[in-house]
Amino acid sequence: MPYRLSELAARFELERRGDTDPEIAGVGTLAGASGDQLGFLANPRYRSQLADTAAAAIVLGADDAEHCPVSCLIARDPYAAFARIAALFEPRAALQPGIHASASIASDAIVSPDAQVGAFVSIGARSRVEAGAFVGPGCVIGDDCIVGGDSELIARVTLVTRVRLGRRVRVHPGAVLGADGFGLAMQDGHWLKVPQLGGVVVGDDCEIGANTCIDRGAIEDTVLGEDVRLDNLVQIGHNVIVGAHTAMAGCAAVAGSARIGRYCLIGGGTGIVGHIEICDKVLVTAMTLVTHSIQSPGEYSSGTPVQPSRDWRRNAARFKHLDALARKIGALPQAKD
Amino acid sequence: MPYRLSELAARFELERRGDTDPEIAGVGTLAGASGDQLGFLANPRYRSQLADTAAAAIVLGADDAEHCPVSCLIARDPYAAFARIAALFEPRAALQPGIHASASIASDAIVSPDAQVGAFVSIGARSRVEAGAFVGPGCVIGDDCIVGGDSELIARVTLVTRVRLGRRVRVHPGAVLGADGFGLAMQDGHWLKVPQLGGVVVGDDCEIGANTCIDRGAIEDTVLGEDVRLDNLVQIGHNVIVGAHTAMAGCAAVAGSARIGRYCLIGGGTGIVGHIEICDKVLVTAMTLVTHSIQSPGEYSSGTPVQPSRDWRRNAARFKHLDALARKIGALPQAKD
Amino acid sequence: MPYRLSELAARFELERRGDTDPEIAGVGTLAGASGDQLGFLANPRYRSQLADTAAAAIVLGADDAEHCPVSCLIARDPYAAFARIAALFEPRAALQPGIHASASIASDAIVSPDAQVGAFVSIGARSRVEAGAFVGPGCVIGDDCIVGGDSELIARVTLVTRVRLGRRVRVHPGAVLGADGFGLAMQDGHWLKVPQLGGVVVGDDCEIGANTCIDRGAIEDTVLGEDVRLDNLVQIGHNVIVGAHTAMAGCAAVAGSARIGRYCLIGGGTGIVGHIEICDKVLVTAMTLVTHSIQSPGEYSSGTPVQPSRDWRRNAARFKHLDALARKIGALPQAKD
């Protein structure tokens, strides 16, 4: 299990600097690593911790190398390099193909003999679990679903109906994919439920966080492109389309039929209203509400800054009359444009 | 399964226009429908797609009929008409009364012989599942609960304790009804838990979204009137009362003991603080924070508009001093009222 | 089961006033209590209900005693006193030690003979359930977890991996502890997953709400101090540290590596960005976004007040140009400081 630093340098094609070639038995933070661990410096906030690190060696950028008190590996992107090295030290149980005795599987469902299905799993009619897939304990897979090859449903995931996952998709506990979209029409004073006839399509290499919800489409499908990454407690409404490589942080929510581009970064708690389009490479900061389409790449925000509540209350009270204030200023002779 | 357009017109009492009486085998969007499907035009955003539709026929309002390139059905509310027609094409598994062999049911619980209880379901003491109800795989029903006639717990729903669902209630996966309300009192530097002795009452025809939480009351019950519709990831605190026919979009949250009227529409991500009252027919736009009671029907909002972050930062910095700015203006001789 | 008011006064060391010594069979609200129940007055909003209460007796503060139409118990903190009394009337099923026949438990997991494990529970390798603990139906406990003595996982809780709960921890249904943190590095246009090698440590007496998520750390652990109280649908990112006795209301979210102090009160829907520090005794009002560290105890807010949307739209439009407005004012000769 331990690796020489020189082995790591060779395996990950990183330049090694320093006089020692320590044995590395694990990874750690700059502040917490012990003398047989590899630390890393990627976020400049932590640069001041470099001098006192007890780590055996550090992964860092070339600019920081001269200040490194121990041996180091130089990486253009130290965070990515660290991620690849850390994976060597991740304890992972090997897949144990087979179906747990307690699982309840529809007679016309197909489970690959090379897949693993855990305890208390239900699989519905016409669904398919492909080779190398892992369906953890307590998962419920409804009718007409596909779990693509090498995908992992960690535990207690629900695929309701017509959910098709690509390959290497990872879904965390409590996530619900393919529930009814929220489609309602008011008729004679009562809500009428609009049937949700579509499904959910999730591209290869997507990751879906714990307790995240992705509703199935009303007519056509809700679609995640490849390599989309959703954090926990995210809400994706029916018929939303999320472009490849887009990442959304915790508690973000997208209303029905919105389209989000590729390589977008959506901050935590952000809301995106329905039926709008966001182009590629848009970054939205945390807790912003996006109420209209965005046609230019770039960074977008809404809200007001946090303040002591006493100050905030005074300012907030003025906001309620901001238009009147602006009109008053406009009426001043000196203020006219 | 296919229906003539004239059959649909007769069954749903809609006027049919156009020379052809095509066979309809399914439903689709304006842009996506194929030549044997019925499309619809309800949202004016999509009006421009009408000319090029490949659908066999369209449901739309009278005003749009003259621009329709194919046969059509005229509806006062095309969305509601479409919803009713689409239901004809929804594949629904028939209820299969009986209790799955794996289910774990308390000896004094009562399950109607006309109800269906799925795999890995637990049902606690003194609980009752009525005729026509469906309790899907992985549901946990605690003590003293009622699942009313023809209600559906899709899968992995939890009713913790003292939860009484009316008839035709539909609850989506991961929803938790009847967990302890968040009642705490600080005593000698430690939190003291306030017992949550109430329950949850859900009226007929309600729908509860995936991973939505409705806490049970501290003393009296938390109550949803009939036909209340909650989207996914909604939080309803203890002793909240939600009036009949109110709908709340995803990630909305209502704190303890708030009362919400009938026919309200609560936008996604909206927060409603505790112990306030909102009257009937209030619409709250997305991500608004409602901090005081609302006595007049109408539409309410808070927040600021999304902007490029560079512009937003300048404006947000000014907000921190808005009161000072307003005072400065008030001090100008020309600005006095 | 019923208690004389004088017994309650003695047991909880409260002063009793009034001529009668009624028998108390339960607890109720001021407005809803019946003639054999004890009511309470803690929130001044409800003071006007005191005169008409039908309760047998009331718990209240000394200042309200003279207006009380029935016998009363005087408490310095009526809400805390009521909480302790109400606990006498809470129906609680006694722990029934033993393991349900359906449970699936790894051969090297250890379950105390004094613990109760319910139906359809999975417990993974090297995990331990200590004496007096309750693991309710449908829970999934992964590898290397500890459920401390007298802790309660109500139902359908997931502890993914390396989650260590202290004593008397209560976790509500749907909560997911120890899922992968959201760690991603972009490499050659694809996301690279950063291994999440840490765990989650939860102190004694914590409470975790329904469908709340606490991710495990990337390298070191995510940590909750003792007596931390999290409401439903809360999101705690990887490597967050929450100080003892802090409470967070529903839908609050804390991004990775943030540190929150002791005795903080975090309002519902609040967001806290990553890598910042909040000191002890900070109160953050609902739906605030905290974007920088807070070094002084006190109350903090952001956002704008709710208004009728017509007014709000005018003000919000002005916010988009607030900086320009402020510059215009600054340019007025009379407005210069």
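General observations
Letters are used for the chains, namely A, B and C, taken in the order the chains are written, and counting of residues starts over at 1 for each.
The rule is short, and it goes like this: contacts are C-beta pairs under 8 Å (C-beta built on N, C-alpha and C of every residue); 3 or more make two chains touch, one makes a residue touch a chain.
The shown structure was predicted, so the numbers you read here are calculated from the model rather than taken from an experiment.
Under half of the residue numbers found at the chain A and chain B interface occur in both copies, marking it as a different-residue contact.
A turn of 120° superposes the CA atoms of chain A on those of chain C, with the angle given to the nearest 5.
Separating the centre of chain A from that of chain B, both taken as means of CA atoms, is a distance of 25 Å. The multi-chain contact residues of chain A, meaning those touching 2 or more other chains, are 102, 120, 138, 156, 174, 211, 233, 251, 269, 287, 303-305, 307, 317, 319, 321-322, 325, 329, 332. In the complex of the two chains, the chain C residues touching chain A come out as 102, 104, 120, 122, 125, 138, 140, 142-143, 156, 158, 160, 174, 176, 179-180, 182-187, 189-195, 197, 211, 213, 215, 219-220, 233, 235, 237, 251, 253, 255, 269, 271, 273, 275, 284-285, 287-292, 294, 298-305, 307, 311, 314-315, 317-319, 321-322, 325, 328-329, 331-333.
Partner chain A is touched in their complex by these residues of chain B: 27-29, 32, 43, 45, 77, 79-80, 82-84, 86-87, 89-90, 93, 100, 102, 118-120, 136-138, 154-156, 170, 172-174, 205, 207, 209-211, 227, 229, 231-233, 245, 247, 249-251, 268-269, 286-287, 303-310, 312-313, 316-317, 319-323, 325-326, 329, 332, 334-335.
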